[in-house]
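Order of writing sets the chain letters: A, B, C and D. Residues in each chain are counted from 1.
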């Protein structure tokens, strides 16, 4: 029997996609998709590319439909109280915001401000399925990673796990869906076409998240990180440079990656550089690693920022939490 | 000595371009560029592609700097009162809005609502330089045509002047700069890339303007018109179909066009279909005409919608009003 | 049991998509995908967005694998001999080229030159599923319509069937996938971005195909047709103007459309203008019709030019020929 | 009196732009623009965005028109013999190829193969005007730098000159005009839209050029370099990470940049991240530098790859060689 799922915040890019994936999922039933500003509209009228036949409603926590799980696609900070309310009602929650990703309270407060549900701080399992699969099967609250950490950590994990990472530098690029629907001038087509630029050069809050996870894997490397916006819709590339803690050949490094990801359904280790079109509208992560002439590693990971970087990974986590096949509804 | 010019409403796409053209113009001095919402910002910070070294200020009609002329780039309806105030002070005005384009008051009210300066209604000279050059030299108030009428009327004028137009159908396309800076979801890069669509299918207010001008030229043809938005920034194409009032060969039609536009500095009659890149960031209008197998005319006109379709044409008009060379600052 | 299918010419945009759709189709088995120039390569290496795990091979007509049906994606003119050879071996054929679309030999020769299999000329059923469903169920050779005729005829069929069409003018636009993989300068990204243009203004060979079909439906209207290339990959819009043979209200016209397409699985009549993103990578055709103020019809049809305009429609036809559900593998 | 200039190889993206800049240049006369494959065509027919009224001719070294200088826009390897022949005739040469950039013969041969004019090897002055201005004034043969070295070296020069560079990592992105006109599948609009990818991950020949110049400036730092292609036409961004040889504050680093580039006409040090639209179709280089939390430098440089990264810089060099104002024809 299908599990009943609610998607809260379904009018934005990631929430709408989450609703659509749940709609198409053979093991899930989309019971409700909510939105404050767009209640009353059909999902497909907001996002013509989607087909889910559902009308958005307001979320009423006092009169929730009966559901097994919820995916929450609220802005950072706003998510925590709703997540807490849903958890109080015994509902499994996959949160797409940053509110439960960081394990250090001070770091959270520095980058995001006061937490909206202090009692639950740190209660989430970090939803990078490839790293925390066992914990996710038991989880009741999952913090889906940010898109940049997803790509960056998957690009570097096989080295981090061996303690091989020295210094790490990540230059990442992303399409405009990562900027959210609440558009400003910057993502007006007239400004974005034939344009590209770095942003958040003085510090992006995904950096501490990347460091947290590389440290957890065994490589407490300081990370330098800068993101760029490029003129495309969906797609993200992490280009990672790293010095090696000990000299390792390109072949040995490739061997580590091949072995580490051999059984992963969504992570594919390529034998050449990845491209964003290949992963568009998929839950895949394409990884390529090489050691260049100067002995430094270059590791690349390409994902769709709203699929594997948000909603697709969210459903991957939900599959694990609900005991479904991890890939169900995602291939 | 340079003429002193004010640009009112310089934060939007057309106003900013007007300010930049005036800035670069050897015969004009940009005395002030005003904006309500963005006063205090530098033009180049709002529009990084422009280089005019000027800070936007608020327009204060009681303390106007001394200027010879003003270009007003306000929204339709909002322009008229400011235009009237500037005219009262003896300032020559080029208005980029629709407020002084239509000569029939009822038509104006149907499409735009109450007029903001009823006493001045109809007082503007229609600023399609190629049609009204003599009047423009004497004008004190000029209504710069809409972008679609500019392209459509230039595409059809040689036939209209000969009374040769039968039925007219215009399918036009335009880039997102035509949609203005006040973005909605529609022009978010993520929605516009890989997309295109017709809009205002139940009636676009540029249709009566096209009919007005074709009628003035001698062909009171009913016009069917529909615009499309396509994924580019600057550029507009009018694809015009027309039946001929009397059978005319392709060669004869081409001869009419060649003759009509032989001395026009900005209208170039091509011997093959135009393309938008060729006119991008120029004040040119590229026209191509043919008579297809079924005996109907196909006439195409390509312009840059914010240059020849707005601000470039505005300065072309200003040149005429001020007794400067028509092409000054525009080549 | 799955039907065995061969795709001939699988390296181009339409052939590769046909192979991918067959690969994903629950009722079909992709036995071989052939290519002259790219034999030995994997499909996914040529087109990274596809996932079919198949290596392209050369087509050897003397050593064909056992197959029930073939989709032929060869250039016009080149398709006919291979189609004939496949038919001789009793294989059902869906041809994506123009070789079997036209029913008048003289017209064919004028636009395409000498036919490559004269004995089979006219033997194909025109594969616009919505018009020829019954014939398609019995067909052994199907000529899949051109992309522009698909959109244009679906946009106008409800009127044509009632004999209501007067004069017809079609302005269509299409993305660069319609230009084929054998690129010339024109479709280099640097030339196409921020560009758009009409082409084949002196006559496009899809016009006689549109006229053939409107005539067959009961409206022998002369058609004026011009296509445009716009800066996107997949997508096509037909903007059709028509005078009405007798005055008909917008409501009555809409009623005709609603009724005509009520049961069509892929044709959706919208209550507002269509957009290309909504049909991207689908087999849908979105139609909108209105009667504008001058009493003329404007009818729009949006399709994905390589799906409903080529390979998707090809599989829709194949489903009918093989007795499968018409929508199988296409939703 | 104007200096007479020949552009050899004017059909490609950089050669055509060089011809256009010379055409518009008040101090230069475009005497001839040559092309092997496109002789007989007008420049504007090949590149509709340009307006130079010149027909391409074949280069005949035995019957050269009288010229003072030549800009050679040939492929790497093919340029050297023509450069040598022009130099023999006493003509000043600005070469846009790589043939005279490298000062180490072995390095040249490793990356480019046998040199086409061994006697002239190393005879060129490296045409990064900001570094070699004095030498360029005396030069008879100038090797215009590659686009990536232009951006990367300008981004890092103020630190390199102080010996402050530790380890250097450069992630650069570029539009498709950098890929040249001889298109392959990769730059077909259908493949490039909504796509982006790293390339030459196993070693790009611009790396030794960057190392050569940083070493010459005083920082013999090993450089790790990887370029990306992104979906735009003209524009290039170098994102440079560097460790500092000694700890230096962000303010001190910014001071170095401000001072170093204070008098440069084309290099602008910004107080925030650069964007590619701001430098499109200009000879400017926009630089931004910061020191991030981990104490590493991030330095960004944005240029137009065919202007400051090729033809614009070529004319900047030519101005210096001819004793003209360095900025003439380039503002």
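Keep in mind that, in the parts below, a residue touches a chain if its C-beta (ideal position, glycine included) is under 8 Å from a C-beta of that chain, and two chains touch if they have at least 3 such contacts.
Model, not experiment: these values are computed from the prediction.
*Asks:* What chain is the most remote from chain B, judged by the mean position of CA atoms in each chain?
*Replies:* Max centre-to-centre separation from chain B belongs to A.
*Asks:* Does A-D or A-C have the larger number of C-beta pairs in contact?
*Replies:* Of the two interfaces, A-D and A-C, more C-beta pairs touch across A-D.
*Asks:* Compute the distance, rounded to whole Å, between the mean C-alpha positions of chain A and chain C.
*Replies:* 38
*Asks:* Let me have the rounded angstrom distance from the C-alpha centre of chain A over to the C-alpha centre of chain B, please.
*Replies:* Whole-Å distance between the two chain centres: 46.
*Asks:* Which residues belonging to chain C are in contact with no fewer than two other chains?
*Replies:* Correct list: 175, 193-194, 231-234, 275, 277, 280.
*Asks:* Any idea which chain B residues touch chain C in the complex?
*Replies:* 167, 169, 171, 173, 175, 191, 193-199, 201-203, 207, 222-224, 226, 228, 230-235, 237, 239, 241, 243, 272-277, 280, 288, 290, 292-294, 296, 298, 300, 302
*Asks:* Spell out the residues on chain D that touch chain C in their complex, using ranges where they run on.
*Replies:* 13, 175-177, 179, 181, 183-185, 187-190, 192-194, 231-234
*Asks:* Hey, which residues of chain B end up touching chain D in the complex?
*Replies:* Answer in residue numbers: 48-49, 193-194, 275, 277-278, 280.
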